[in-house]
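Let me give you the structure first, and then I'll get to my questions.
A, B, C and D are the chain letters, set down in written order, and residue numbers restart from 1 in every chain.
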């Protein structure tokens, strides 16, 4: 009963099989291999974006920070939600990769940026000439850090704010599969058709061993990106092993199947939490449940060996009710979910 | 009637005279000259800090950002007030000089950090392991960006929070003279005796042409600082001309005399604002008045050619009452102050 | 017959098996898992360095650049051979990770730094005060970029030069296994016993999919290294998959067995090159042969489908004799080697 | 008899007068003042470049490094002479301001880059794909670090190499006035007409207190430069005091008069060195003499109190003959020159 993170599970069998498959004979390194070409094409197909530039890296932090470095200047302001992963969980990687940009964080219900608040903040940022630096980039996370999902219309509204100011829009899609599975739309609808310029398409939280795709929908925005990837140590000599992971997930729709599985179990957990007298802190729209539960339910769960984090303060034992985060993943079993629900119910 | 900034005036006659004085004959460059040695000694004397390391630069942004780069790591969190100059007005210089540190901004009445809020924020910053980077530096501004002044006790309380966490405390003293003049204490009392580790001792806003001193009270904290200054282009070959400016201000107490003059005029302006039906937005403790005034008073002042900024939004014409900032400087004349007061009164 | 690089082959079966083995059930992420602990211990054992700090990353460039950033200041000078990988093949990664250090490159026969030339260069670098920055780090590659190997005595001599100046010594060990296998000494003898402070212990060129260990022999030198790794996007959430690769190679001596295999085949190739009328450009001491061969031999080899690079200029067709580089790897077959030798012989 | 550097003298009386002149009344800060506008116009006139963007900073290192950061990417290669100031004397400022670019240094007789050697090096740099980074910028110094001068034709030849590769050409003109005075051509002929894209037009070594102009001949290349200047702490609030210095030098041709004076004295020193049995190490074309002199002549000069550096190794006493550098400046007196000549002659 491990609901700590979608990082705690390993790699999906299909991913392992793909790694084994491509481990056969010598190929040219650094991406000049057929598996990389196929994986790039599969991503472009999944996004209906034939001109997109696709590159693979091993971690989500690398993907996000490389995009920030590519699209925002050293003296830029990057607008994001105050709970955004790039702000809270990347140890200053965006600042490092840009060489000094400033993250401007905004509140927003359930982890989502609001166009009005963004417009206001951007206006204030630009009001003082050189002093505050220049507005550089807008970054949103879909599915968000609170498990909620931006709809295509919501993305469009933010893209309009960004583009009206001449700024690009980045989507951190560490849980992009969960968002698309939840929305039931096409991946294109919630990305480039809605105005997203760069997408970090996550694999690691959805069954990969460690693989993410960076996608620039407009090839002009990808100019010289490979130098940045190389200079930061994120070009793999045996690149095929990154590509193969994404290929296994994307080629045949497995990514949406796995994400749908995790989403469904989170929805089921939400029911169980409610039945146990808990309350949701945010709508459950993807693979995470943020809720408060009665102390007794928490005590029973811990007693039974369930693993999950208190939230947002992992060390805040003793609260009543108890705020928790439950995350499901592609490998979470229905049995574990039902077991936890039963324990919570007491 | 120019109350726009303490940067709009030129250099004090004593500063000009000092520059002429030291322009005589050849000396070794890059600081190996007698004027630099005398100026360093004068600063150490003024601060009663015989072991302090003193270095001169030409701008306040350089001084602050160099200290941030010296004392906070690339992956550090620098805590400051949300209206701090290093956050709002340095175009990301602290981020650039550190190579990627993150400024964590906090609210605080009238521009001053509160120990409790700081403690809370530092605790949250450190709670999540590597994710958020490590706590790196505390920075306060004295006099603050709202014209208020930290007392020695208030500085001590913040220093205790910093030092308990193993962090240094930086004081941005662009208006340090105004703070000391207002407090009536010794410069030592409100700096190293209260726990300040590094001070940016401003000259430019107090009669210099362009000169600031960076002071490290503990020489160990200044290790290899000269390399940072050199690498950022802030070592002057004809260094004596920076040093002479600070020497002229500090050697004979001129710095406090000038600051006292500006402070006194600001206090007088505060009275005038009140008499004209205005309200102070912050206590007037140094050389700036933040207030709202009736639209008619504002109209009369503009009509009479008075120059000052609307605040904080310089372009927010049409508000009722009108929020304004009035700044006095060492060269502000009593006549101008009385003239403005008369105009405001109608 | 692919002798292009030791990166063109895939992963060794033992590595693949180790990945499968550790893909079982949920573990805590970011290195807090038992496989990581075992792999770190195995590296420490192999190096007879019980106090060493060991960390895993996925690429050699990341390993080297992170060490540079850890050990050299932003204003530092990093001394290395002019053909060093950190100079020629990392797209400025050391400069980026340090935030601006300068690589000072030196000649040296067959890819190896000479103590006298290093001493001279360090002296010149330090002679001009702040102007040239400060001496920061010495970096050597073992086995070198020309396939030669530093003996423990040679490493000691360079370490003495470094330590006398207060600088640390870094060993880029992308082909460390080949060096140790060639020397027949213990891994400790050619590293910490000889004065090496930080080692990049390569796995990728020796059968791993993509894994390198960064080793700091003195734990003090590793202080806060994890922040740097995180901030550059090189901390894997599913860290066990990096660790497992190194564990498979190191735990049971496989690393030396594989490297010995590659070294032996290179020695055999050297004989074949000589027999075909070629001349060695450097002694063949590890898994690479740098040589010139007659144009006819080159033509026959290309005709037969042999893959290798012209060297150092990959596009320099038409030279007589033809300068080439042949690299063997853990998966190179004796049959391929004998086939190439036969073709070269004509 | 101080021939150590053109930095050891102070400021020219005309510069001091200009500072006093502009210290009158309040003006808007940060460059929005009439003196700055006039000084920018004067520079554009002197260069016959009406569209040029002109900005002022206080040090030559700042000027050069800001241009490098503006024109070369983080992953770029900057080609310069191995004795270039940006390589030897700026403590890694170009690397810092670019965020990690690599300076590629080339030999070249008497301090001057040769087109063929540059072409070769650029070709090698680009030959290895991502590995070596991308070619980014060419930088030359005029007058050079060896006192020699590039003619318009020589600059054109290098510009052609740069532009054929799509790279901009930077001229470090710390001693630009000496070069133009020596050439007797127009300033335009040896800059933009010859293909220079960015010029650092020095004032400090030619009578300013501390002032340099950065000039971008093509305004597109200056885009967002002001943010870089601000973020590095090089925007002065009382900007007029930088501008006034350059204005005093440039407006009425004083810059060329002063440089001509210094050049003439250097030529006279060269005669004296020859008469004393010395030999020139480089042609004397501007305001520096690099020569060897007999030990007895050196001993007499030191005895007489003459100040100059041994070169290039300032501490290399005891050589025979003695390699020295003599620098003249705008304030060097004919009497001092003749006195040294007499002493050398014995």
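Everything that follows uses one rule, which is that contacts are C-beta pairs under 8 Å (C-beta built on N, C-alpha and C of every residue); 3 or more make two chains touch, one makes a residue touch a chain.
Model, not experiment: these values are computed from the prediction.
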item: Size of the rotation, in steps of 5 degrees, that lays the CA trace of chain C over chain D; value: 180
item: Chain pair showing more contacts of the two, A-C and B-C; value: A-C
item: Centre-of-Cα separation between chain D and chain C, whole angstrom; value: 41
item: Whole-Å separation of chain centres (CA-atom averages), chain B against chain C; value: 50
item: Interchain centroid distance [CA atoms averaged], chain A/chain C, Å; value: 34
item: Contacts with 2+ other chains: residues of chain B; value: 30, 74-75, 90-93, 96-97, 99-100, 130-131, 133, 227, 230-231, 235
item: Complex contact set, residues of chain A against chain C; value: 2, 4-5, 7-11, 16, 19-20, 22-30, 57-63, 65-66, 90-93, 96-97, 204-205, 209-210, 227, 230-238, 240-242, 307, 331
item: Partner chain D, residues of chain A touching it in the complex; value: 30, 73-75, 99-100, 130-131, 133-134, 224, 226-228, 230-231, 235
item: Complex interface listing, chain C residues touching chain D; value: 74-76, 88-93, 95-103, 124, 127-128, 130-133, 313-315
